[in-house]
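Two complexes come next, and they have one chain in common, chain A, joined by chain B in the first and chain C in the second.
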Partner chain A sequence: MKPSFRHRPLDWGRANLFSSPANSLLTVLALALLWQLAPPLVGWGVLRASWGAGDPETCRQAGGACWTLLTEKHRLMLFGVYPYEQHWRPLLAMALFVALLATSANRRFWRPWLAALWLLTVLGIGILMWGGVLGLVPVETAQWGGLPLTLVIAVLAIAMAFPFSILLALGRRSDLPAIKALSVGYIELVRGVPLVSVLFMASVMFPLFLPEGVTIDKALRALVGMTLFTAAYLAEAVRGGLQAIPRGQFEAADVLGLSYWQAMRLIILPQALRLVIPPIVNQFITCFKDTSLVTIVGLYDLLAATKAALNDPGWRPFFVEGYLAAALVYFCFCFFMSRYSQWLERELNRDRR
Partner chain B sequence: MKIAQTLVTAIVGSVLALPVMAGATFDAVKAKGFVQCGVNLGLYGFSSPDDKGNWTGLDVDVCRAVAAALFGDANKVKYTPLSAQQRLPALQAGEVDLLARNTTWTLTRDTANGLDFTTPGYFDGQGFMVSRKLGVTSAKDLNGATICVLPGTTTEQNLADYFRANKMSFKLVVIEKNEELNSAFFSGRCDALSSDASQLAGVRAGQASNPDEWVILPDLISKEPLSPAVRQGDPQWTDLVRWSQYAMVYAEEKGVTSKTVSTALKSPDPDLQRLLGVTAGNGKALGVDEKWAFNIIMQVGNYGESFERNLGKDSRLKLERGLNALYTNGGLMYAMPPR
Partner chain C sequence: MAAPIVELCDVNKWFGAFHVLKDITLEVAKGEKVVVCGPSGSGKSTMIRCINRLEEHQSGRIVVDGVELADDIKAIDAVRRRVGMVFQSFNLFPHLTVLENLTLAPVRVAGMAPRDAEATAMALLERVRIPEQAGKFPGQLSGGQQQRVAIARALCLKPAVMLFDEPTSALDPEMVGEVLDVMSGLAAEGMTMICVTHEMGFARAVADTMVFMDEGRIVEIAPPARFFDHPANERTKRFLGKIIGH
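Up next is the complex of A and B:
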């Protein structure tokens, strides 16, 4: 029984903050800590902070947080080395991306045309970023950077890794020895090495095996590396779901005369996938944050672009502000993903409550 | 069949950047119309993107100079930012035509790694920074000192070698992150900070609350001649890069800057006439336009201009010329005669 004191703050406080001596002590300690930390933080971040345009000297004199850094450097941090005059293109591409994700998040739009919409939007984003048609100046992937690059790599890697991981998970549980061995071998091999070394192989070793002078686009290499890596981990999450489905469901599907693929598509996977939403989203979030490792291949993702902005000796003392801003962006995306997964879980598992 | 072939070529062509054959780098670069230049991911003063994402720096200027010599346009460069581990394989595999990424010229790299170094563009060396209050004037006074360094075999190795050779002892504090290392030093965790002298100046300019309280000791304990490098096997390409660098130094020796180069065309000095292509010959020998050096100086500037803009008094680093002054001013910068 949950007492509901919502409308009476005093009762709420008694129930939640001072319900036992131990809890009371913890509450007091937490308040004391807040009392100690809050004033200097506010002083640094707000009262003594410098805002708006300026140079490092103004920040140094103000003595507080240097948000001026963001005013001066936000375009380098957000867009990396993408040509300055063309920044509206990645900006528009990001807006399209966010709109696409928002649309896909809504259950009402889960119709076949959504796949077509994805294809169209990704194509549109590609045209915007690459250019070369419709009078847009061509921009190579080597010049892509900042948040758009992070989003492109993360979203495409996730979108491609997910179907691949389902195949891998099914393969691992397959009765066909060759397919099973291949799936197990792949998953164990990829899980056995860190992402850094996968990317490193892709960027340093791989070109040495190619014929002299032939190079493969760096962003593509990073994207493929991320996809292969994420798929192996996702496959294990999906396999967990498959194993949780009772035998009876498989037998029932057989009795109905469904083929293997029909049974998987109509009966097993819908149940299995909704069971493993938390670990899947977990992997999505990891993948999103792992994009910061593509700097190894020489690409400027959001974090690398932030570092590039902080490379200027004048601004170097204010690295905390730069990293805070980058962290906030990462947090926004990851927090959205985790909240969305919670909602999705409630929405899809209504019958189980 | 023909259509299928065209289609395959188009698809492959969009993914693969073809081809830079060994021994024909010069022709390949000329044919594709730009120089693919390997640079540092971000090292202020040598190569880093500015606020607008444009590449700037002393190394970047070498790339621009080569493009100006070959194409008459310093902007015909594409940059490939490379990490320290990536840089040599990238050059060997032909991903870049030219590596201008603060790379020390060593025997191993010049031979076993299959590279050719052109000529040093910056003479660096490992040095020490200490607090002025410490009263230390030479690295020899650092016996027993605690020294902060970034991890990395050469920095630590140089330190160990130097202190052993001078029969001194020291304590090492190794910190992985640059910012942490520097704040550890400035907060007094170590007596001295050791790194390449050019780096120390940047740290002092950027992170010290009062730069005047810190001194960089005059002793350098290692040789770090930073030089652009190319793949072995195409002497014409090596020559072009090397002479593009010499042209910048020679222009400084002759006092020609980007502002005065137009009037210098009328100079009666035969050396200048040869350099600037008034007297033909050099361009033909290099396989480029006779105006090659003129274009470099006009669009990139002479070595001194490049130095001051990126590292010296017009930059945030405020580095002294030191070893990188002209040989006439006590430095090591000496251009071979372009004749």
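Up next is the complex of A and C:
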């Protein structure tokens, strides 16, 4: 049994920090490093920092971190060039997104109506962002930007890529030669090119094939590009899970008379997917961060909007503060995904105790 | 004698160049208990796996309850609905509870109402003497208990024939008895059974017919009394000498 150290910090220290000569040495080195790093960091980030409203001049005189930048520019960083007086709309859209994700995180709600809820919420978010109905001023997607754009692209790309990747993984293991060849070809082709080139193709090449006068929205094209790209990688993770399921499970499903799709849905996938939660979430996180690449096709996601905010000559010296803030936002979402996946794994593996 | 419920006629099967089943001909009457034995690699498992099309035969005829097994998917489904199977490695679904393992096929395949399926499942769990485990996951049960659940699961669809593929080979010795007891009970109720097993005591007590296979052929078919005491074939004698003699 694990002894309790709660009331004896000295014992805790001895067991965790000085349990061996090597550990003691590492502890001392770490403390020395902290001693060197902490004072200047605290001095820059807290003691000499400028807070609240102000201009770059006050920051320069204070000599520390310029958190004033965030007070002055956070609307531009968060919402890009979306019309200023309409910012409540992307804000509400983000709140809807977060509520949707929070609902979906709960296993008790994994029911057919959840798919309907997704459709409705995404529709609601679309109406909010686009406008043009219900007395909302229309806003083109070219003007969307910042965190809402990052969320829209990341969440929708993940939500659409996941089911698609399952079909691809099943296709790759199919006995039907045509389906297998198609799946293998697709996965290998997409994995063979960088995301940047997929996005370029979606935004530059694809319109060339469309008839004159027909245009497809730029954000939509980027979203489709992200989805197709992510699906190819996810498919291989899912296939890894399928391969780990013993043949006996397929045979037991067969002899009970389950159809192929029943066997997959009820027996194979529930077991396969829980095995590959770590690589799947890995891919989700990668996809979330890769949305920052849509800037190369001219969309202003969170990172691009932050960069735009720092274009103001007076604020330019304080780019560290701006990027730190953007990094913190990315980190919050990715860390949440990672923690959620750990919780989900524990929750789903309760039958393996 | 009535028309056989399972009929194999000149069945041949190859795994690549390897000829696993050679001219297998076997008839099983309704209510008959057949025990198949033979050295490992003799094709016993492959033969019974052909009866519900887990393996495909390349020539000959297999007819189960009047339905011939061919490439026709409907025929395969029809046969599988009439045939229950118990595997050496249980193959329970580890992510479902014992009760869910039993009700899955009746609800999803046979379209039974969930409440009726549960009642049937509980009755079957009583019969294999583990109703108290209904809410547990397979991983929480002993091997013997898991195999009894697997038997109950196979019975849920009310099969006309039960196939057993070495049902006790993966079990610890002290758990073999509880599984054989359940199988003997089933035999006493008149179930048609085809068992691949090395449990010769069980075979002698329960079987109507013994089948001995070697190198892909059926070498001898005989009632147990004659099979054990006066085997006709040299290879049968040697095999029995090895597994009973020591």
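Criterion: the second predicted complex is superposed on the first by the 342 of 353 C-alpha atoms of A that agree within 3 Å, B and C clash if a C-alpha of one lies under 4 Å from a C-alpha of the other, contacts with A are read in each partner's own complex, and residues count from 1 in each chain.
Keep in mind that, in the parts below, contacts are C-beta pairs under 8 Å (C-beta built on N, C-alpha and C of every residue); 3 or more make two chains touch, one makes a residue touch a chain.
Bear in mind the structure is a predicted one, so any value in this text is a computation, not a measurement.
Clash-free side-by-side placement of chain B and chain C is the outcome of superposition onto chain A. Applying the stated contact rule after C-alpha superposition, one finds that A:76 touches chain B and leaves chain C untouched. Of the two partner chains, chain C is the only one touched by A:270; chain B is not. With both structures placed on the common chain, the touch criterion links A:119 to neither chain B nor chain C. Once chain A of one complex is fitted onto chain A of the other, the partner contacts of A:201 are absent, as it touches neither chain B nor chain C. Once the two complexes are laid over each other on the shared chain, residue contacts for A:46 go to neither chain B nor chain C.
In the overlay built on the shared chain, the residue A:313 is in contact with chain B alone; chain C does not reach it. In the overlay built on the shared chain, the residue A:25 is in contact with neither chain B nor chain C.
Taking chain A as the reference, the larger set of touched residues comes from B, when chain B and chain C are compared.
When the two complexes are overlaid on their common chain A, residue A:244 makes contact with neither chain B nor chain C. The overlay of the two complexes leaves chain B and chain C separated by a minimum Cα distance of 39 Å. Taken together, the two complexes place no residue of chain A in contact with both chain B and chain C. Only residues 60, 72-73, 75-76, 79-84, 140, 142-143, 145, 200, 203-205, 207-208, 210-218, 220, 295-298, 300, 304, 307-309, 311-317, 319 of chain A touch chain B when the two sit together in their complex. Chain B meets chain A in the complex at residues 15-22, 28, 41-44, 48-55, 78-83, 85-86, 89-90, 92-95, 179, 202-203, 205-207, 209, 316-317. Residues 246, 248-249, 251-252, 254-258, 262, 266-267, 270-271, 274, 351-353 of chain A touch chain C in their complex.
Chain C meets chain A in the complex at residues 52, 54, 77, 80-81, 83-85, 87, 89-95, 104-105, 108-109, 137-140, 153-154, 157.
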